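Each of the two complexes below includes chain A, the first together with chain B, the second together with chain C.
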Partner chain A sequence: MSRKGKNMTTGGGKLAAVAAGFLLAAGFVAGLSTPASACEECKGKYEVEGRKSGYLFSNPETRAIQDDDFANGGMLWVEKGAELWNKVDGKAGKSCASCHGDAEESMKGVYTVYPKYVQELGKLENLEQRINRCREANMGAKAWKWESDDLLAMTTYIGYLSRGMPMNVKIDGPAAPFFEKGKEEYFKRRGQLDMACKHCHYDHAGQYIRADLISEGRGGGAFPAYRLKWQKIGSLHRRFKGCNKQIRAQPYKAGSDEYVNLELFVKWRSRGLPVEVPAVRR
Partner chain B sequence: MKKNALACIAGLAGVALAAVAQAGTVRDDGLKPYEVVGDIAIPKPLTDKPGDPANGRKLVANRKKGNCLACHKIEQMKDFLFHGEIGPELTDIASNMPASEMRLRLVNPKIVNPDTIMPAFYRVDGLYRVMKKFQGKPILTAQEIEDVIAFLVTLKAPK
Partner chain C sequence: MAKARVKVPKTAKAGDVITIKTLIKHKMESGNRKDKKTGKKIPRHIIDKFTAKYNGEVFFSSDWEGGVSANPYCAFTCKVDKSGDFEFVWHDEKGEEYKATAKITVG
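== the complex of A and B ==
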């Protein structure tokens, strides 16, 4: 079977070369402070206590793109996020930096604990929503739309600042009932094809479903991830939607309570796995 | 799973009508009636028209229809790339399974294995959050089920 051959043309060297060319053209290299293989140190950390990152189910060509910041298309979004960090926006005349200072200090590790329970809201909040709360409440600026370039860029940037750190969400205390709801979602059959997440990602992880090698569906430290299929960075909720639609199930809205609860469950399943943002996936 | 056949279907349809399974009775979900025997077989074809194996072969490959190749390897279908490995190989299925049991596997494999990943291809009840455009429709029609079976019964490994 020429599965490998196919992977090479769809996910492999050609795209890497295109992406690399694009990055060079954008003058990206000059502004970049990190070395090309920033995630060198987290190799070998993709499996923790038997829990495997989607990285280990990616084909070698896709992994190579992730491992090389000059080829990784997601790094453009990191760069854009860093710019937005310092950009004044909204009625209060502030930027993120006005209050949070140097993001490399203030935002380090933040990604690893989201979604988390917020007392004032009486429910979970994920990183995208936390960013938007700051925009609305603290900057007098409009919330960024879900899956907009700006929100993706800022989320990717903040994720990137935790790269290599272990995922570490809390599921006890007031978060517990929301965690239980997320878990229920994961195990509930749905759609015309009548499958639950667990049928693919627990029962048949490590097996091919047509041309796709099914991972353990953790992905907790990976998103926003650059998907070669999307030719773009995308949120975890976009991935959830895709996984719902392929079994002909009505997806929820990105940012819905259902997906944020599911996100907590998925990120708990990824506990201890390193943040890979921006990961690269097929 | 030692329920009798009628109770089993009635239970699945969420109706208490035992009559629902009798041939000729109209089911309330719009699907053709069928009778499950011994929790493993549906002996009678769903339609009077015999299945068309050539069309069955197409349905087995078609990603929007049977898409059986997503999960099953079939040696005789090497003309299609990428056979999945989720379910058992079907290359020699005709030597191992009678058509009646294939029919139940296609109509509703959950009667055999409640926890299976394999979809029920001829079922519309008891589903959750089905996308609008697929609501009330089975994945395959009764005739398409018979077409797929007509193809499956030709699958014998060369000895």
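== the complex of A and C ==
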């Protein structure tokens, strides 16, 4: 059997039972070179101190879509976000631009520091929640629904304005206890398969689950990403939910404290990696 | 809902073969998916024909079926010999048409 198959079965306990199902597939793909080794020149950009972006785990074809702003479907949401930025909404008769002015100046780098601790709330807040809080409190507008086109567009647009900048979340001071909770979540076994995030993305990153190469789970700078599977842009919390379902666990709600804490941990794991929004993933 | 984007070089030399890229925002509902809440099939709604014209003459067209992804991206080439206008038409199954135009100067 292949090296990959052997490693997987040494995972112990229930993971081994799961892995057995993958063995046949793993055997077939073991001979292929991993896409991660195929692109030497882009490593510098997408690998920082040994931390690899999901970009390096994508197929060359998928990467080509991300590299071409025209072909990248996520750019449709960026354009929409730019329109929404100037659109007046709510009782106060304001748009985002009324307070924040030119987004290209005021929103540069904003993406890289979220989620962050907000004293008024006494907990972490991520970018989506920040946008909605601003809408409710300052614009007198209704909060956008999670995963709605408008919220995705605005988040994607703000992320896009920080493209290329290194991820840089704060985990000290008041954010520390939430960071610890997020870390706990990452290593906590859940669901029928009794697996934690770390079993795939920490222990077995770079190996195959059937035909899919497991990334290191550093989605911090990539989301909202255009997933080919979704055929649209989706948030990091949607991805979390998908992962949770795959290990047959009950997913938390998008925007729940658990996911926001986990988001901080995942974004800390992505520290230094460039913002890729809107990234393209399989 | 449909929003089209096209990319055509602004200038070219006579006899050049240029690459044209097009992308349109469309859900391309295949008709095979079910609504998770009601269990009923979501009716099919796709773009079924795409045509590209150069100075009024069709030089590229294709018929699309249910397997085409959402937000379809289509790239193709064209040999240009004189300046002119490009017109792109996406024909929706429900009879709607989405159009985009572009100009090229051939010198």
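We adopt the following convention: the second predicted complex is superposed on the first by the 239 of 282 C-alpha atoms of A that agree within 3 Å, B and C clash if a C-alpha of one lies under 4 Å from a C-alpha of the other, contacts with A are read in each partner's own complex, and residues count from 1 in each chain.
One rule holds in what follows: contacts are C-beta pairs under 8 Å (C-beta built on N, C-alpha and C of every residue); 3 or more make two chains touch, one makes a residue touch a chain.
Here the structure is a predicted model, which is why all the values come from computation and not from measurement.
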Touched partner set for A:Arg189, first chain B, second chain C, both or neither: first
Contacts of A:Lys232 with chain B and chain C, given as first, second, both or neither: second
Touched partner set for A:Ala71, first chain B, second chain C, both or neither: second
Chain B versus chain C as contact partner of A:Gln119, first or second or both or neither: neither
Chain B versus chain C as contact partner of A:Lys245, first or second or both or neither: first
Touched partner set for A:Cys200, first chain B, second chain C, both or neither: first
Touching partner for A:Tyr208 - first (chain B), second (chain C), both, neither: first
Contact residues of chain A, present in both the chain B and the chain C interface: none
Touch list for chain C against partner chain A, complex: 3, 5, 7, 21, 23, 25, 28, 69-71, 73, 75
Chain A residues within the chain C interface of the complex: 70-71, 73, 76, 79, 228, 231-232
Touching residues (chain side chain B, partner chain A) in the complex: 63, 67, 69-71, 81-86, 115, 117, 119-120, 123, 127-132, 134, 137, 139
In the complex, chain A residues that touch chain B: 1-3, 6, 188-195, 199-200, 203-204, 207-211, 244-245, 248-250
